[in-house]
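Look for chain A in each of the two complexes below; its partner is chain B in the first and chain C in the second.
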Partner chain A sequence: MYDVVDFILNTQLGLNSPDWVVMLISHLIVVAILFAIAPVQVLFLTYYERRAIARMQDRVGPNRVGYEGLLQPIADGVKMFTKEDIVPVSADQRVHLLAPIVTAAPVMYMFAVLPWGPNMIAVDLPTGLLFFFAISSISTVGLLMAGWASNNKFALLGAMRAVAQVVSYEIPALLSLLFAVMLTGSMSLMAIVEAQSGLFISTTDVPNIPDLGLGWFVFTPVGFLAFVCFFIAALAEGERTPFDIPEADSEIVAGYMTEYSGMKFALFYLAQYILNFLLCAITATIFFGGWQGPGIAWLVSQSLSADNPAGNPVYNVLAGMLGTFYLLAKTYAFFFVMVALRGAFPRLRIDQLMNFGWKFLIPLTMINILSAALWIAITRWGTAQGFGIIEFAGEPSNLVRWLIAFAVTLVINVAAYWFLARLNIQDHVARQAALAAGGLAVSPPRSA
Partner chain B sequence: MDLVVQIMFGVTGLLILGAALMVVSVRNIIHAALWLIACFFGIAMLYLLLHAEFLAIVQVLLYIGAVAVLVLFAVMLTRQIDDPDEPVLFQRWRSTLLIAVLLFAAVLVPTIYTHDWQTFTDPQPTFAGPRELGFAFMNAYLLPFQIAAVLLLAALVGAIIIAMEDQEQRRVRVLTLAEEVALRREREPSPPARSAHPQPTSSSTTPPPVPPAHEQAGEGA
Partner chain C sequence: MSNDTLTHSLTFTEAPAALTVVVDPTPQIARGSAVVVERRRPKAAGWSLLQGLGVVVDHWRKSFRKLDDTTQIAGTFTTEYPEERLPLPEAYRNMPILLFDDATGHELCTSCFQCQRICPPQVIHMTQAKDPDTGKPVPAVSEFIIEYDACMSCGFCAEVCPFDAIKMDHNFELSTADHSSLTVHKTDLLRPISYYQSIAPTFWAEAEASAYKKLETNKKRRPATIGIAPQMLAQLKAAHELRDDQQEATMPTTAVASAPAPATSSAAPPARSAALAASASDLPTDKAARLAAIRARNEAKAAVQAAPATASAAPAASDGGDLPTDKAARLAAIRARNEAKKAAEQAAAAEAAPTLATPDMPPTDVQPAASEQAAPPAPTVPDASLDEKAARLAAIRARNEAKKADEQTAAAGAAPTLATPDVPPTDVPPATSEQAAPPAPAVPDAPLDEKAARLAAIRARNAAKKAAQAEGE
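What follows is the complex of A and B.
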């Protein structure tokens, strides 16, 4: 973007503007585009979810406004604008006003580090992955503010539940993403996507095969386990259905949003759907190659760049379009999984939620980090790094190394899953037995 | 560009100082906690100005996303959030202020003036990146790092012990409200009306408070 603005301002118009003006304008254009994209995504996702869930429940869903109800989200938006803004008299007025802003604003920041296509990223932060989750954790403060300022017990309960859930599922989410950081040696999301080019078997050593952009991390045992753990944790972070206890409408009205109406309510709604979209997008980016896919590498090689001045700029545009298409296709696929889970599963209880997170997901992700370390050692290290055991039968080829790593990590991960699942099931059976044996009744304190 | 950085530093410093002042001067504890979050934000901005981008992000993740949220969580469980009768300054604030200023003068001022500060005219972009911090933790500062880890583990174990203390029943599942009330009633065998007039001979008239039949259930868990 910088180059384009620089070309137009200084070369075409001859304005001779200083460096920072060009930078400011180019960043402002990108920001404006991203801010326009976010609400449009929300409009589409609400329609998509309502239609999909209706189909699953044998209903029709919204189909009146526009062709097949496509304009329904816009009608809903207009309705939101015309609603009266009600603030409870006993609410803490200023905090009540600030809460939706504090919730919605950080979610928009997360767009800054999301890579949309080759070289299509607003800011390629070296710590982009961490930035993404650090910013999203600010939203929790907004939820807590909303719950407390409403001066309503349902709102407070909802906020407490939301915070307990989000704080405890942030740990498995971040731990499961560590494997990608270890494998690529970088926290930049662009670097993570670029590391997933080629073929998933072995990135360099199968000759005469073009770069298909299919070296996705999910095709390795390490990546697959991390993907499953991360997606479950993402469901909890986005308050999607098996984990939607913060706004369980049959128990506590609407949770922290109970006392909000009109555009303030819409802001919460917006923040939640953008967060869900971004969580799906980040899942696609880290585990499913983001904008990588067949054809991208060829388009990039034909396009105009510093290395390839003879390229045609049309291919730049085409590569960007195809990359964005791949990313959005993967993102919507994950969002569909979220909707399907909503249609299929009942809500968890709070103690089940905590047990699952702390006793199952976190140990599993810890073991997965061990597998990731082994994967790196087997595929990359030799005698120089103190891993001479790999060369017991001469220098192995990369394909052989890859096969050994695959087998070893597969065994470790399956064993870990089996062992932890067994432990948790035994625990559950013991609880049920205790309940059946009269554990319902109240036992006295032991010291008495 | 230098002037821009200076202005940003000034604004950030004012934000931090103002927010910190508000933390100790507002009456409402929740508002104080929210101002504390603003203060943390200012510190993250200071890190950014120092090109310590990783530290800034970690500051946001840990201090705002975890510590401040826990503080808010704990404060919301306290009873007196806003008490107009409670004075903001307590009685001996003058002597406290004096001691604080003296300590500051005795410890920090000599350090500030005698320390050999390294000034970077052109700060390296990878001055405090994750890679550099990781190397520092695993090489030069390994012992402090390990000690901090052991300290955190001790705190964790302590918290679990406090939470698990005489909660044998709750480990099986979350109790319903009625069961919680029954548990509490059983723990204090005499109702509050009678406990106001404790009689040494009443133990012969009331039934033994602990039925032993439930012991097995507790151990079965």
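What follows is the complex of A and C.
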């Protein structure tokens, strides 16, 4: 956006605006676009989810308002706006009011570091990934505020569950993403996306591979395992089924949202769906190349930039459009998976959730970090880094290094998965047996 | 590796005594049509999760096709209600309705109070009709109310009704913002038999014969228009007016001074009458007869209207001799009808007379007679001239009679208003309908018909006598 604004203001109009003016204008435009996009995304996602889950359950879904029900979210919005705002008498009035704001505001910040296309990012923070997950954690404070201020036992239970769940699953989420930071050497989401060019093999590993924008991390064993772990953790963070424990309607009414109605409720809803959208988008960005895809590289090479002053700005726009299309397509695909998971699986119990998170996901992601380290060593290191063993048969080519890394990490990851799964199944069976025998609902000491 | 995990877990679950999941090696259970699902053994931890996901996605994929039979598992089977509707089974019941005969407009209800008695929530209320002359109860209902809001749709009323007068409707779209509209009165409860026949053909076929039979006996005990569905009365009246209209247009030579035709009739444009005549040219002949009868009746009615004013006077009747004038007119009407019937019988399915215009709404009280006459299946012997002549003759004769009577009584001053259909002592419509008795399109039953005519004549005489007595007082 900076390039485009600079081109229009200084090159075309000849205004010779100072750098900060261009920066300010471009950022304002981007912020305006993002704040317009977020609610529209929520509107679309609610419709999308309802239609998709209906199809999975052999129903039709909302199709009354507008063509095929496309205006249904607008009708829902009108309903939300016109509802009475009820605050319980015994509730903490100020905190009750603040809680939805504290929940909804941070997720809007998360848009700031999401790359939509080549050079299409609001703020390319060097610590974008960290910012993304740090700011999302603030939402949890809002949830606890809501639960506590409502002065309702279900709300408090829900809030407690939410905090326990989100705190537990942020660890595997971040641990699984560490591999990308290690591989690219950057926490900037833009850098992570740019590292995923290539053709099933990233150009960072094999530089001379043709660039079709398909060098996604998910095509490596390291990336794939990280993707599975991260997506599960993302489900828990977004409070999606099967991890919708904080708002389990069959157990605790609506969790922390129990005492909310009208627009305050709608804000929680909004925050949740924006978070889900962003989690899908970040999954697409880190594992599936974000805006990368066939054709992007060529459009970027034709476009106007500091390196290529002879480029045509039309290609900037085209590259941005295609990149946004790829990102949104991937995001919606992941949201579809989320919906399918909701259609397929029942809700977990809180202890199952904790067991799964702490005993399975976290060890698995830690082993994955080991795999990532090995991947880097095998693909990039040599004698100079103290990894001379790779040159046992002379200097290997990049492709051979990549193949060796693929095989090694595949073995490690599959073995880790199998081992951890086995341990957990044994543990589960032992606990069931203990329960059936009338024992306490605690894990018996496991004999190896 | 996964098999290892599985076997391990299996052995573990079977080991403790508490978990006595005893699996019979050969379970001999008669399965019938039960579906036995063969579950594949999980390949790896998490594999069954993917399988479950696969089922859901498979359903999603197949849901874009509409399910056409029940053996299919995946697919959409939604009926999108306001646009698509499943056919309701005949035995479906929602709210009770009352039936009336399409042809004569007679309600089947005789106010026997059976339904009112049996109704568990007691939402049925009715008032029995009374003869305005004698004050005696008549087998008809004057008001019938069902409170739909409290009705529980049990259908007891329909089951208990000996006259098949109350039936259960199929209309379930009763939602309203107006609560009071759910207290439904007779006019809104009444539906033609043809409607019930359309929603429950086999049920009506079972009840039809006895229902009509009972209706016939009851009709004979209903004086004047009592027991005729109000909506049909309105139709009937409209049909009459239209007929009078046409009558004037098509036969301008006839004196119409005494005819109770509306004011607009005299201004009827010739173009319209011509059009009507043209349209009538391709209508069956029985209409000619019907028209003649109607005309005769109208004349008679006019005469009757004039008659009471003359009080005890006016003995100078034409061929009636000592009969009062209205009686003479009635007699003429009957004679005219008989003439017409004979003519119609002679040329049942002949081509219609071009001069006779017929409205599309048949007069309900005469139609059975006409249909009866029209019953013999089209012998294709067009004797139009004969038929036409006979009909016209009958009409003219009747009219002349009536005119004569009218002339005699004209000096007596204004006739009492008999506009309202439920008040007048005109016995003619019931008489005709009675005469027209079996609505079942049977072969014309001449002796019965004759008897009915005689009965009508006698009754008419009695009524006239009664009227004369009343006048005398």
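The working rule: the second predicted complex is superposed on the first by the 407 of 448 C-alpha atoms of A that agree within 3 Å, B and C clash if a C-alpha of one lies under 4 Å from a C-alpha of the other, contacts with A are read in each partner's own complex, and residues count from 1 in each chain.
Following the convention adopted for this analysis, a contact is a pair of C-beta atoms (placed from the backbone, for glycine too) under 8 Å apart; a residue touches a chain by one contact, two chains touch by 3 or more.
Worth saying up front: this structure is predicted, and the values here are computed from it rather than measured.
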Request  = Based on the superposed arrangement, let me know which partner A:148 touches: chain B (first), chain C (second), both, or neither?
outcome  = first
Message: After the superposition on A, what does A:59 contact: first (chain B), second (chain C), both or neither?
response: second
Query: Between chain B (first) and chain C (second), which, if any, makes contact with A:430: first, second, both or neither?
result: both
- prompt: Looking at the overlay, does A:131 come into contact with chain B only (first), chain C only (second), both, or neither?
  reply: first
Of chain B and chain C, the partner touching more residues of chain A is B
- Query: If you stack the two complexes on chain A, which partner ends up touching A:409: first (chain B), second (chain C), both, or neither?
  - Reply: neither
Exercise. Report for A:220: first if it touches chain B alone, second if chain C alone, otherwise both or neither.
Key: neither
Shared chain A footprint, chain B vs chain C, residue numbers 430, 433, 437-438
Residue positions on chain A within touch of chain B in the complex are 20, 92, 95, 125-127, 130-131, 133-135, 137-138, 140-141, 144-145, 148, 156, 160, 163, 167, 170, 187, 349-351, 430-431, 433-435, 437-448
Note: in the complex, chain A contacts chain C through residues 52, 55-60, 63, 340-341, 343-345, 417-418, 421-422, 424-426, 429-430, 432-433, 436-438
Listed in rising order, chain B residues that touch chain A in their complex are 1, 28, 30-31, 34, 37, 53-54, 57-58, 60-61, 64-66, 68-70, 72-73, 76, 129-130, 166, 168-169, 172-174, 179, 182-183, 186-187, 209-211, 214-218, 220-221
Within the complex, chain A is touched by chain C residues 1-2, 4-5, 8-9, 12-13, 15-16, 18-19, 44-46, 49, 52-53, 55-57, 59-60, 63-64, 67, 74-78, 80
